[in-house]
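One chain, chain A, appears in both complexes that follow, with chain B as partner in the first and chain C in the second.
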Partner chain A sequence: MRRYAQDVVALTRKDLLLELRARDTLPAMLLFVAAALVVFHFALPGDSSELAAKGLLWVALVFTALLGLVRAFAAEREQGLLDGLVLAPCDRSAIWLAKALAMLAFLVLAEVVALPLYSLFYSGVGWETIAGVALADVGICAVGTLLAAMAAASRARELMLPLLFLPLAVPIVIGGVGASVGPSGGRYLGLLAVYDAIFAIISWASFEYVVTE
Partner chain B sequence: MLVSAAVALIFFWVPEDADQGFSQKIFYFHVPIALTAYACFGWGAWKGLVHLWKRTPEADLESYVAIHLGVIFGVLTLITGSIWAKASWGVWWTWSSRQLVLFLVLFLFYSAYFMLRFSVEPGPPRANISAVYALFGVVLIPVSFLAIRLADDFIHPTVFRPSGPNMAGSMFFVFCLSWAALLVLAATLYGIELTSKRLDASVRELREALE
Partner chain C sequence: MIRARGLSKRFGSKRVLERLDFELPDGGFLVVTGPNGSGKTTLLRLCAGLLAPTSGELEIANDRGRLGFLAHEPLLYRELTALENLDLYGRLYRLPERRERIGMLLERFGLWRVRNERAGSFSRGMLQRLALCRALLHEPELLILDEPFNALDVEGAELLADQLEELRPRRTFLVATHDPARLSGLASARLALA
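Right after this comes the complex of A and B.
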């Protein structure tokens, strides 16, 4: 158990350090989410409601996450590192957990910028939205990291991930939008929590099969 | 034969629905087709699990064929559902029919399954990835169902209640017969496609051995 935690911490540190040095992903995510929020202002008709903007906020967040996830295994693939990681004497699910944690860190940082920006441009965000975003992040990173590993094994790579990810993200968007706009936000937060728990467990259990033969 | 018997009974024997008249008859196709599609997806995921567990290459092919059939039945569900929606609610598509929305999501999900499968080189990694994705699908079905149910007030009729089916005895009998017919049809198609895929594979092996 301790050993497992050490492996996860070491692998997460590797990903964060790599990002700190190369600055590949996070600046792109920040710029993308800001640009998306500006584009949405022009996409919405002038007299449209605050609710429509809340829905678009979720679109922006899901696509920003997708942008980061597409790059999740880029370094490993370009350097042929994934085989080395798989051969390392650690549990394979630790690779998934570490990658998902690093992705979660990027996504949370992107949202720390995006949510204030949203409340500046459109309308304030309540605690339900923040709780919904936090719960959705966990689900997005858990499922997204596993799917990114799948997509990395295919020929189409970057093209494949959105196709795999978006149908699975439908419950996240339903839960997130429901929590942000609905009168009964608590039920939707419950849905997000259930989604996180179920998909985190099956992603954790099945990652080994995705990266090995 | 079971299929033709079901069709005959649907059109000539069952009393017409008091509220919707003739168009209600599509119920005997639409709902059994949807349930058969679920059965195919479930069977595909089960075979995927068997593959991950026992590492049998046949299970991978069986899983693929089951999901292939599931997608065909899923498309039929969307088409019959759309026709029924037009007949009884006057629109081709309505977002408040949660079963149809669920099938649309599943259709997108399983289409991505094919994209993924044909984009990975054949071999054990492809079998593993397909199996894991098929398992995700069968988990996605109840989660999306829950989500869509939460999200919408509905006009989709709820025929099956916990207290039992909400229809006349003869209707229920024909419904069950129709469902059984479609399940038999699906099983037959499954057998045929599996045989042809296996023949294909053995022909390819023979050709490679000859070269």
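Right after this comes the complex of A and C.
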């Protein structure tokens, strides 16, 4: 278990360092989420409800995550590096977990910008929304990283990932919007927690089969 | 030890390897030759466990932690320095004296001076030297090398030849090359793919 944790730390550190040097993913996510919220602000009629605005916040967050996920395995794909990682004697699920953690860090940073911007343009963000976003992030990164690895192996990867990811993100959007606007937010947070647990286990267990022929 | 019986590999309808039989005993040095597209790289990737055979048997006695693989691509992160790349692999291979081993290899392959430079700034020959350091880092029992002399200058090629000669008595080698004459003194067997 200690060795597994050490592998995950080494791989996560590598992914964060790569982003720090290349700055390929995070700036794009930040710009996208800010631009989306500005566009929605002008697209929504002046008298539109808070419910509609909350829905658009979740649309912006899911597509921001998708933007990051498309780049998740870019370095490995472009330089054939997955072979090097797969040959190492570490558990292959450590590669998935490290990528998911790095992706989680990028997504949280994008939300640190997005949520105050949302408060500025629309309305305040309650604790239910923040809890919903935190739980949704875990699910998005768990499922999204697995699907990004699958898409990275295909030729039409930019097309494949949204096609695979968006249907699986529907429960996240339902749970997130429900937690943000519904009278029984706790139930929706429970839904997100169950989603996270189920899909994290499935992704963790199946990653090995995705990266080997 | 590697043993192949009736080994075949297809990609879709394209046959790359067809009913291949060979055996590489421990301590052996098998040189694989053949024209472009004859399946040398595919055979090496099969033996490294990166591909699964379409049919036939492939038995590899060494586990993946004891295997060193030099591919066409250097398998190095271009945004990381030479030292950071080797340190990452050293951690994943759980080397007990990682820093010493990395330092020794970088010295040997003439890369110590550029250890803190990003791999992306290296020439093709320097990348090949660094890739060799990566493949040799964990002192593997089985070395699978795909065109190891590719892109190396005269000095780099001599360094590699010396390294192979030094390791030859204690390791098993599977090497694909277009230039088998360079390895004629080391090879124990040759496999020509058509």
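One rule holds in what follows: the second predicted complex is superposed on the first by the 213 of 213 C-alpha atoms of A that agree within 3 Å, B and C clash if a C-alpha of one lies under 4 Å from a C-alpha of the other, contacts with A are read in each partner's own complex, and residues count from 1 in each chain.
What we mean here is this: a contact is a pair of C-beta atoms (placed from the backbone, for glycine too) under 8 Å apart; a residue touches a chain by one contact, two chains touch by 3 or more.
Because the structure is predicted, anything quoted here is derived from the model rather than measured.
Peer 1: For A:22, select first, second, both or neither according to whether it touches chain B, chain C, the two together, or no partner.
Peer 2: Only chain C; A:22 stays clear of chain B.
Peer 1: Look at A:6 in the shared chain and tell me whether it touches chain B only, chain C only, both, or neither; answer first, second, both or neither.
Peer 2: In the superposed model, A:6 contacts chain C only, not chain B.
Peer 1: So, does A:14 touch the first partner chain B, the second partner chain C, both, or neither?
Peer 2: second
Peer 1: One more residue to check, A:131. First (chain B), second (chain C), both or neither?
Peer 2: It touches nothing on chain B or chain C.
Peer 1: Touching A:88 in the superposition: chain B (first), chain C (second), both, neither?
Peer 2: The answer is second: A:88 touches chain C but not chain B.
Peer 1: First (chain B), second (chain C), both or neither: which does A:140 touch?
Peer 2: In the superposition, A:140 contacts neither chain B nor chain C.
Peer 1: Mind working out whether A:213 is in touch with chain B, chain C, both or neither, as first, second, both or neither?
Peer 2: Both partners, chain B and chain C.
Peer 1: Based on the superposed arrangement, let me know which partner A:36 touches: chain B (first), chain C (second), both, or neither?
Peer 2: neither
Peer 1: One more residue to check, A:103. First (chain B), second (chain C), both or neither?
Peer 2: Touch partners of A:103: none, neither chain B nor chain C.
Peer 1: Looking at chain A, does chain C or chain B touch more of its residues?
Peer 2: B
Peer 1: Going by the contact definition given at the top, which residues of chain A touch chain B in one complex and chain C in the other?
Peer 2: In the superposed arrangement, which is not itself an observed complex, chain A uses residues 212-213 for both chain B and chain C.
Peer 1: Could you please specify the touching residues of chain C with respect to chain A in the complex?
Peer 2: Against chain A, chain C makes touches at 45, 48-52, 63-65, 67, 69, 71-80, 84, 88-89, 91-94, 118, 134.
Peer 1: State the interface residues of chain B toward chain A in the complex, per the touch definition above.
Peer 2: 52, 105-106, 108-109, 111-112, 115-116, 119-121, 123-125, 128-129, 131-133, 135-136, 139-140, 143-144, 146-148, 150-151
Peer 1: With touch defined as at the start, can you tell me which chain A residues reach chain B in the complex?
Peer 2: Residue positions touching the partner: 143, 146, 150-151, 153-156, 160, 163-164, 166-168, 170-171, 174-175, 178, 187-188, 191, 194-195, 198-199, 202, 206, 209-210, 212-213.
Peer 1: Would you mind writing out the residues of chain A in touch with chain C in their complex?
Peer 2: Listed in rising order, the residues are 3, 6-7, 10-11, 14, 17-18, 21-22, 75, 79-81, 83-90, 212-213.
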